[in-house]
Structures are given as structure tokens and as C-alpha cells.
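Here chain A shows up in two complexes: once beside chain B, once beside chain C.
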Partner chain A sequence: MEMEADMNTSHHNKGRQQPAFYALLVVLVLMSVGPIVLMLANSLKLDVDIISGTSGLLFLPTIQNYETALCDILPYEIDHLDYCALKFGGAFINSLIIALVSTVLTLIIGCMAAYALVRFRFMGRDTVSGTTLMVRMVPPAVLLVPVFGLWNNEFCIDKATWFGEMIRDTFGGRGDVCLAGTHSGIILIYIAMNLPFVIWILQSFIVQVPRQLEEAARMDGAGSFQVFFKIVLPLIKPGLAAAAIFTFRIAWNEYLLASALSDRDTKTVPILIVNNMSEFNIEWGVIMATGMLLAIPPIIFTLFASRQIITGMTAGAVKG
Partner chain B sequence: MSYSTINRLTPYVFLAPAVVVMAIALLYPLMYMVFGSFRAWDPSQAIGEAEFAGFTNYITLWHDPNFHESLIVTLKFAFSVVALEMLIGVGLALLLDRSLRGMSVLRTLFILPMMIAPVVVGLIWRYMYHPSIGIFNQTLESIGLGSVDWLGKHALMSVIIADIWQWTPFIFILALAALQSLPRSALEAARIDGASGWQQIIYIKLPLMMPVLIVTCLLRLIDAFKVLEVILVMTEGGPGLSTEILALRISRTATEFRELGVAAAMSNYLLMLLLILTIAMLAYNKIQELKKARVKVLIDGDGS
Partner chain C sequence: MPNIQLDGLTKRFGDIEILHGISLEMSDAEFTVLVGPSGCGKSTTLRMIAGLETVSAGEIYIDGRPISHLEPKDRDLAMVFQDYALYPHMNVANNMSFALRLQKRPRKEIDARIREVADMLGLTPYLHRKPAELSGGQRQRVAMGRALTRDSSTFLFDEPLSNLDAKLRTQMRAELALMRQRVHKNMIYVTHDQIEAMTLADRIVVMHDGHIQQQGAPEELYKNPVNKFVAGFLGTPPMNFLYATIESQGDFTYLTGDGFSLRCDVPTLQRLANYTDGEICLGIRPSDLVFNPHADVTTSLSLRVDIAEYIGAQSVLICHCGNQKVMVELKSDTPITLGKQLTFSMALEDLHLFNPSNECAIPRLVDVEATRLIKTTGGNYV
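Showing the complex of A and B:
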């Protein structure tokens, strides 16, 4: 009897609140996903249809915009295009190289540093961890001026030395060999920018690894590096996944520093999008297709690893 | 080398790569910037050739009305987005705090906007705000309300709305996590004592969430000062200077006006602003830790 009554009241309660509650949820989902769906829809439309703007979601989808965007790396001829003016394909390859390499290196360097900060007591530990916390707040815009100056003028190999001469003979060019304009130049600044965050987030995962496990392995004669690679790393996989996604996201999406440091051959996708947006006649269809291509990797990560992302985000604020 | 020496060196070996990279690509550039801010420096020069200018760059900026305008726009932008996002995000978390089967799917959909590139966010919103083909004006016109000059007269409001779209989910998710980790006993006690929904929120939930909320708020504020690409793509800082936030002005001073020294000085001003916020956050965390430690000592003392 009592249980029945209980069930009744709870059912009654739900019945009263449910419709409004679900309506709110639907509105919120529409609001957050709607603009992205709109971009997807427009990327599949011809410019005439976008500008006439009447068709809404009823239209014949076409992949012409995607073909135009990627014309420089597609293996086949494109009928609707006489000349391949946009070089988004090459930019995608640049973006991929830069984002993947910097993510892998940031993770390796970052988890080693996080481990040292959590598990060892040594001189200078507080200085390092304090500095790491502080540099997290430095915005890319603040790094723009010094990084531009250093990468162009100071981080160079003199063309007169044998090494500089060798590089110049192999790759061409006239002046000194500088970091600016190379993939490595952009990768270096992305690693540095992401390290503080990665170290910080991994610390909160390493703390949770039971010390006994490490000590047992050490008893069995494993050295520090073996303990780290064989015991600790496998146990913090969720943390590594979260850190990898956040690092990749920043390296893949970043515009400002890449635009200051890249030359004609090392431009990334965000740079080309910004350049095309500042033109007088915006080709909406093509630019939306490119935007969609740029958005797809982060969207895939989000759909498959949202739990890791949310763990990473909460670890960031709660344990701050 | 003895075993203990190797042991003592281990942490330094683990730490060395990170320290080297951060020293070369973060700390050295920052020092280089401070150094450059005292020089009349243009992009064609190495910094050594640039003439020493003392505090000229800082003083010029101090009296520059455009810099003031930009500073005001930045503060307006940062404080309004954070205030509105906190309000909406925490409100939604309180509303939606119940066990729901599809909640994880919903959270996944909510975080999509903040995962995609800022450049793309700017692109989407610039399209939606478009005076003739944008969805907002088309809707407004079709119901006979006339069109709004989104990226013209109301540009600052429009970029604020775009930022709210992108970042409110961040606050929502952190607030929800904080809510769901509240001690059940406190909430039970309040319910048994007959506290209404509102009373529970105001007297129990919000005070208990406060530490997390304050840290979230400061984190978001620091991030709001970093925003650049979304605004660059949507308005390029215009019309006039109405959306030219500091980060944008720094990059324009460096690339368009080619005044690296002035841009460096401006970066330093921005850095000082962020330093204050960061120190506030760290100090707040320290205080919370000390409080917790004291409570723990009190409880332990009672027990023995």
C-alpha cells in the first residue's frame, strides 16, 4: 500500500513537470546544435541557393563546395571548376601535421613532468609548479609580438656556418635559416602553450595512482622509468585521452600565432578561412564546407570521448 | 655514480624536457617582450638594432584614446559574457539537476560549440547575423518585425551573444558536476525540515557550490580576455572601434601599424590585468585549502 502511494505521488509529480522540462531540453539542444547543423546544410548548397535563402532545409544536396575547397589534393578533375584557386587541401595537410606532432610531443613531455611534480620531492619543485600555474593565463595575443620577433630574427642558424649552408643548399632560400615559416616553429610554440595545462590536468590523475603499485614494482627491481612507463602510464589512460583531446583541439583550431609564423607553404586551415572571410565577395558555400571540414575532427572526438572531455574540464576547475 | 645520486637526479630527468621547452618558448619570449616594450621597434629590425625609448611606449598608450576605447570594450565584453554565462549556466544546472537517462547524450551535444574552432564559430555567427541572408533577419522579416543591424550598431551585443552560445555549456557542466557532488545528507536534512525548492537553492545548494563557482568564474574571466578569433572573423573589430578588444588591437598594432614596441607595451598591460586575476584565483584556492585543513584538524581533534 505504502509503496503504491509513493509511486503514485512520484508519478503525479513527474506528470506535472515533465512536459515543460522536456520542452526546455529540446530548446536547449536546438540552440546549441542548430547553428552547426545550419553550417552543414549550407555547405551542401550552391551559393545561389544560400543567397536566395528561401529553401531552408529543402534542397538538393551537392558536394561541389567540398570539391572546390579540396581541389588541390583531389585525384580527379573537377568539372565545375576551371582553375583551382583555393589551396585548402594543402592547408589541411599542414594543419594535420602540426596538430598531430604537437599533441604527441606535448603528451610525452607533459606526463613526464607531471609525474616528477607529483611523486618526487626535490629542490626547485615549488618554483616549477608555481611557474607552470602562472603561465597558463598568458594569452596567445601576448605571445604574438615576442614570438614573431624571436622566430624571425633570433632563432636562426647563420647561413655562414656549415650547418646553415647545408640546409640552405638542400632546401633553397637566401637568408639565414630561421624557425619562422617552418612546421617546427609552429609546433614548438603549440607545445609550450599547451604544456602548462597538460601538466596540471595530468597531475590530478597521477595523484590517484596507488603508491603501493609503484612500490611493488620497484621491489621487483624495476627502475624509475620502467615504473613510469609500465605501471603509471597505463593507469592514467583516461587522463591522457582528455589531455590529448584538449591539446589537439587548440593546435588544430589556433589562428593567431600560426598566421604570424607561417609562410606561403605552411599555412593552416584557420588562416585561409580568415583570409577568405575578409574578402569583399564571400563564397559562403565553399567557406562553410571548409569550416565543416575543420569542425569534423573535434566533433568526432566529442561524440566518442565526451566523458573524458568532461572529466578533464571538471578536474581543471574543481582541483584548481 | 652511486645509486642514491641517480635516484636524486631522476625527477630532474623527468622534468627537463618540459622545463627546457617552456623556458625557450614561453619564458624567454615573455622577457623578450618586456625588453622590446622599452624600444622603438619595427618588424624589419632585430631587437638589438632598435633604439631604446624608455617608457615612451607605455606613456603613449596611457594617453591614447583608442587604447582607452579598446580597454573599455575588452572589460565590457569580458564582464558581460562572464556574468551572463554564470547566470544562465548555473540557472540551467539547478533546473536540470535530476537523474535522467539521456543526460550524458545531452551533455555531449552541449559541449560541441566549445570544441569547434573559434574561427568556425565566428564564421557561423557572421552568416547568421548577415543583414539579408542571415537567419535572424529573415525570421524577423518574415514575421514582420523588420531587420536588425546585428554587426553594425549592435556589434558588441552580437559578439557577446556568440560567446554566450559557445561558453555557457562550460559553466553549466561545471555547475552540474558541483551540484551532483554536494553532500546528500545536507540536502536530505533541509528537505526533512520542510525547506522549499527556492530555500534549498539559496541556503544550501548555492553556498555549498560557491568555491567551485568562484574558481569557474575566474577561469572563465581569464579566458574571456583571450578571445580573439571569433570577433576577428565576425567584425574585424569594427564598426569603428566598437568591438576592438585588446587582443585584436595588439595584433593590429603589430601587423598593420608595424609598431612592435607599442604592441609589446600593450601586451604588458594586458598581462598585468590577467596577472591580478590569476593571483586572485590562486589566493582564493589557498584560502579554501587552509579552511579545509582547519576543519579537518577540528574534526580530528574532536575524535581523539
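Showing the complex of A and C:
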């Protein structure tokens, strides 16, 4: 009887709430999609149109901004541009290299570390586990100055040594070979930054893998690495995907550290965009176009990775 | 089949010793059941044989070769887990072939082996399903199939039926018995269910508190338990225990307790000849009590019947003898009135006698003879 009454009220409430509920949904959708629509619209306008404020969605679309943004990798001559100042293509490739490599390395190191922390008993285990989270508490801005100093002055190979000479001969440049300004330098700091979180999130997934599965695999003749790669890893795929999305997104968006640690040849897209704003001229159209281009890889990556997130992966393994 | 031998197997977790030197020898292709209440160390023993737990002291021998330092994969054992432990990301065929694939056996051989085992267990229609799409019984069968494809010399079972519902358990028990007939391998089976132990085992090993209490054929253990624990553990409903004092009155000796007084016959007197204590514990199987209104008071118990549990052909009566609870198992058509004081007779040779201080059984004279005979002929009676 009581349940029936409950159902009645809830049904009643649902009916009454519907208009407000939909209004809320519309607001939410506008808030999340609005800026993207605005960016897309503006990226297809000329600067004149943007600034003059003849706003609205009625305008003659142009791909000029995209041409400007991609001038260094487009195979044809661009009419409206005398000189290709914006090296978006190069920066885009830099961003891809840095984000992908740092994501892959973070996941490889992270899943192994997480497995060890969960399954093995060793000295200093709790300390390691605790410090992984501690590192997360330090804001990247604090790291910036010391890392800049270290990358420029400490982790260098003297140009007088044969190895330093070889690198200089191959890649060119002056001075000692340092981490600063290289892809590796940025990748390294991104790995250090993301690793704690990845370890932490993967730990919670590994804990859920029933120990009996690993024991069964050991009885079936699997060694430690086979247990890890053939049993544990496939089962924590959703965790890996979530961690990958997170890591890739951070590495793709990161501005502060990349701006200090990259040089002209290794700068990433976020830095390029900001560099495009000078005090004399803000090329809104080009910024919007680069913004749109910047958004595409994470979207593709997220769509791809999120397909791996299937809940209930361990269902049916053991009787719950 | 290799011969498995445990020698003084001991397990400690920190300072707590939970297995106190288990020594056991299993015969060729024998179905050995380790049985005992939870926490008795039976699963730990099995896991030590499997190599999933380290050995604190003692040694495990397979064919005379010490193996306690070997990894599980080097021991040639297959194991069925209590919770099935099927790999959820692999289908049934891949679950069953996992070990063979690790051994890098040829594809054809693997396929043939899978088909053979799946056929035997009735799993052929499910080979491409994931474990999540199977019922409990089917999962259990896959778990067994995975062990069978291995073709190891020895199978270990860790309470494989305990997660199934009662009906399925009975069915799977029968299937296990059937498989047992077809597969001639060493099998070590752990369970807390004494019915499983009785029905499946060639040899039962009863464990309690990290010690082996008794081992032998099911019938042997049921008929001649060496102590009160084994007597009470095996058999449903469990054995009744009544405390009594030994009293001499005139020419006769009586076992007298709360609500009964049994007159000892000659074999019983001989049995008690070396027993000096005045107190004694009587063990009576519920099925040994027979409803007999005309029985003599010196060979019967007078019981007040409180509850009759109807099971079918048999009924279990829960009665009181003085202040002590007594269970009786009899045919359901026996005319019984609840709440009445009724007389149940018994044969004195069916009586089990225990020393209440150390709980050891006082054996029947025939059994003592038998023991001497077996010992001289080299049988392993404990």
C-alpha cells in the first residue's frame, strides 16, 4: 500500500517536473555546446566580420583561417598569404608525438607499478603508495622553475664528448645537448606528472581482479609476466582506457610547462595559439580555426578509448 | 600415476601455526578427500600441494621427488577452484585451452583435446560463450573441463560444489563420481561436506585444528571412529553423545546416566577391562536406535519425543533423554506420539565408547584384533 502511494507521488512529480527538467537540459546543452558552436562559426568568418560584430549565424563561410593555420603543411600555394608565419602543422605533430608517447609510457609504467603495489608485499610499499599521491598535490607551477633549471643545466651531455658531438652533428644546434627544448624533456615531465594519478586509478581496478583468477592462471602454467599480460591486463582494460583519456587530455592541453621547456622546433599547439596573440593584432579567426583543429585529436582519441570502457568486465569470473 | 606423499607438512602465518605436521601418503589413482570443519587447515594443505602457499616446514614428495620449492606450473597438477575462477575475457574454448596454449601445443592437438573434453562434459554447444553467459552448473563444468584438458597426473579440487544450490550439488556430485570412473588419476578433494566426502572418497582424511584425526575408507571411518570428533563429524544426523558413569551393582555393571541405565554384556565388560575411569561417554548413531515398546529397560533408552522431522521414507526424531538431547532416525511409518516417553532399544555392540577426558575411542575387541592383523600385514590403519 505504502509502495503504491510512493509510486503515485513519484509518477505525479515526474509529470509536474517535466517542463522545468527539459528547460534545465536545454540550458546545460547550450552551456556545453555553445562555446564550440561559437568557435566553429567564428573560425569560418573573416576577422573583419568577427570584430565588426555583425554577429549571428548569417555570414559567408570561408576556409581562409584554416588555410592560414595549416599554411606550413598544405601542399598548395595560399593566395591570401605572403609568408607562412604560423607553423601550426609542425606544432600539431609535436603535440601528437608528445601526447601519444607520454600517454603510452605512462600507461606501461603505471599499470606495472599499480600491479606491484597491489599484489606484492615489499619493503617501502606503503611509502611508495603514499608518495604517489603526494606528488599529485604539488601544482605544476611549483615544478616549473626547478625543472627548467635542471633541464637546462644538469641533464646535459657535454658537446665535447663523442656522444654529444654525434647528436649535435645529427640534429644541429650549439652548446651542450640538454633536455630542455627536446621532446624527451617535455615527455619526461608529463610522465612524472600523470604517473601518480594513473597508478592510483589503476590500483582500484587491479584490486577488483579476483586473486583466484591469477592463481588459476598460475596453476595453468603461467609465469608472473604471463599472468599479468594475459589475465590482469585484459581485465583492467576499462581502467587503462580511462587513464589513457585522462593522460592524453592533460598532455594535449598542458601549457605552462610546455611553454617553458619547449623551443622553437618543439612547441606544442596550445603555445602556438597563445603566441598568435600579440598586443597589436589578435587574429581571432585563425585562433578559432586552430582551436577547432586542436579539439579534433582528443575527440577521436576519447571516442576510440571509451569504446574499451565496458562495465562488468569481470562478470562471471567467480561466484560473487 | 605418481605417488604423492606429505611429510610433516607445517604452515605458519607469522607466529600462528595452523598446520601441525601433516603426514599423509596417497595411493595410486586414489580419490582422497580432505574433510573437516572450516578453519581446520584442509584448504591450506591443498594449496600447499598446489604451490599457491609456501611450506613453512616439512616436504611434499611426488614420486619421491621433493617439490615444495617448485612453482605451481612445474608440479604437473590441475586444480578446480571453489569460485570456478574462469577467465571472464575468454570464451569457454579458450578458457579450457589456456594451459595448452601456454605450452605452445599444436593447434590441431588443442582443438581435438577441447572437443573430446567438451563432449564428455556436455559443453560442446557452449564453447563460444563467455563465462558470464553460463549458469552456475555450466561454469562449474567448464572449470572441471579446464582441469581435464590439462591431462595432468593429479587433480586438486577446492570445495568445487560449495557454491551450487542443493539440487545442482547432488547432480554435480553424481557427475563427479561418473568422471571419476572414466578418469584414472590421482584426485585430492577438499570439502567441509561430509556427505560429499562419504560418497566420493576412496579414502577420507578427517582434519581438525590442523591435525589429521583419522584416515581410511569411508565405511571404516563411519564404523570405527578413533575419537569423538570423527564420530560426531561423519554421519547425518550426527552421532548422539550421552555421558554416563560405570557402576557395579551386585553381579552386574551398569552404564548409568541421566535417564538411562544400560547393563553391560560380556563383550562390553571385556572392552572396558582396561578402562579405569569412572566416567564414560557413549556414542549412539541415530539409526542404531530402534523403537521397541517392549524392550528391557537395561538395553534401551527411554526418550521423550519433542519433534519429528519428516524427510520422506525416513524421519528424524529430536528427543530428550533426561537433560541430554538425542536424535533418532527411523522409518516414517513407525507409530510415534509426540511428547510421550517412548522406549528405544539398541544393540550394545553398536555402542561407541569414548574416554571423556581425551575423547579417544575405546575400541571393540574385534576391532582391536583386526587392527593387530592389519598392522602385521602392513595395511595402513591409523
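The rule is simple: the second predicted complex is superposed on the first by the 280 of 320 C-alpha atoms of A that agree within 3 Å, B and C clash if a C-alpha of one lies under 4 Å from a C-alpha of the other, contacts with A are read in each partner's own complex, and residues count from 1 in each chain.
Assume contacts are C-beta pairs under 8 Å (C-beta built on N, C-alpha and C of every residue); 3 or more make two chains touch, one makes a residue touch a chain.
Bear in mind that the values here come from a model prediction, so they are computed numbers and not experimental data.
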{"item": "First, second, both or neither for A:226, with chain B first and chain C second", "value": "second"}
{"item": "Partner chain(s) touched by A:235 [first = chain B, second = chain C, both, neither]", "value": "second"}
{"item": "Contacts of A:60 with chain B and chain C, given as first, second, both or neither", "value": "neither"}
{"item": "First, second, both or neither for A:212, with chain B first and chain C second", "value": "second"}
{"item": "Residue contacts with chain A in the superposition, chain B compared against chain C", "value": "B"}
{"item": "Shared contact residues on chain A - chain B and chain C", "value": "313-314, 316-318"}
{"item": "Residues of chain A touching chain C in the complex", "value": "210, 212-213, 215-223, 226, 230-231, 234-235, 312-319"}
{"item": "Footprint of chain A on chain B - complex, ascending", "value": "7-8, 10-12, 14-15, 17-19, 21-22, 24-30, 32-33, 36, 41, 43, 45-47, 92, 95-96, 104, 106-113, 115-120, 122-128, 132-133, 135, 138, 165, 169-170, 173-174, 177-178, 212, 215-216, 219, 222, 225-226, 228-229, 232-233, 236, 246-248, 250-251, 254-255, 260, 263-264, 267, 270-271, 274-275, 277-278, 281-282, 285"}
{"item": "In the complex with chain B, residue positions of chain A that touch it", "value": "24-25, 28-29, 31-33, 35-36, 38-39, 42, 50-51, 53, 108-110, 112-113, 115-117, 119-120, 122, 125, 128, 131-150, 152-154, 188-189, 191-193, 195-196, 199, 224, 228, 249, 252-253, 255-256, 260, 270, 273-274, 277-278, 284, 287-288, 291, 294-295, 298-299, 301-303, 306-307, 309-310, 313-314, 316-318, 320"}
{"item": "Contact footprint of chain A on chain C as seen in their complex", "value": "50-52, 71-73, 77-79, 81-89, 98-99, 102-103, 130-134, 136, 139, 146, 150, 163"}
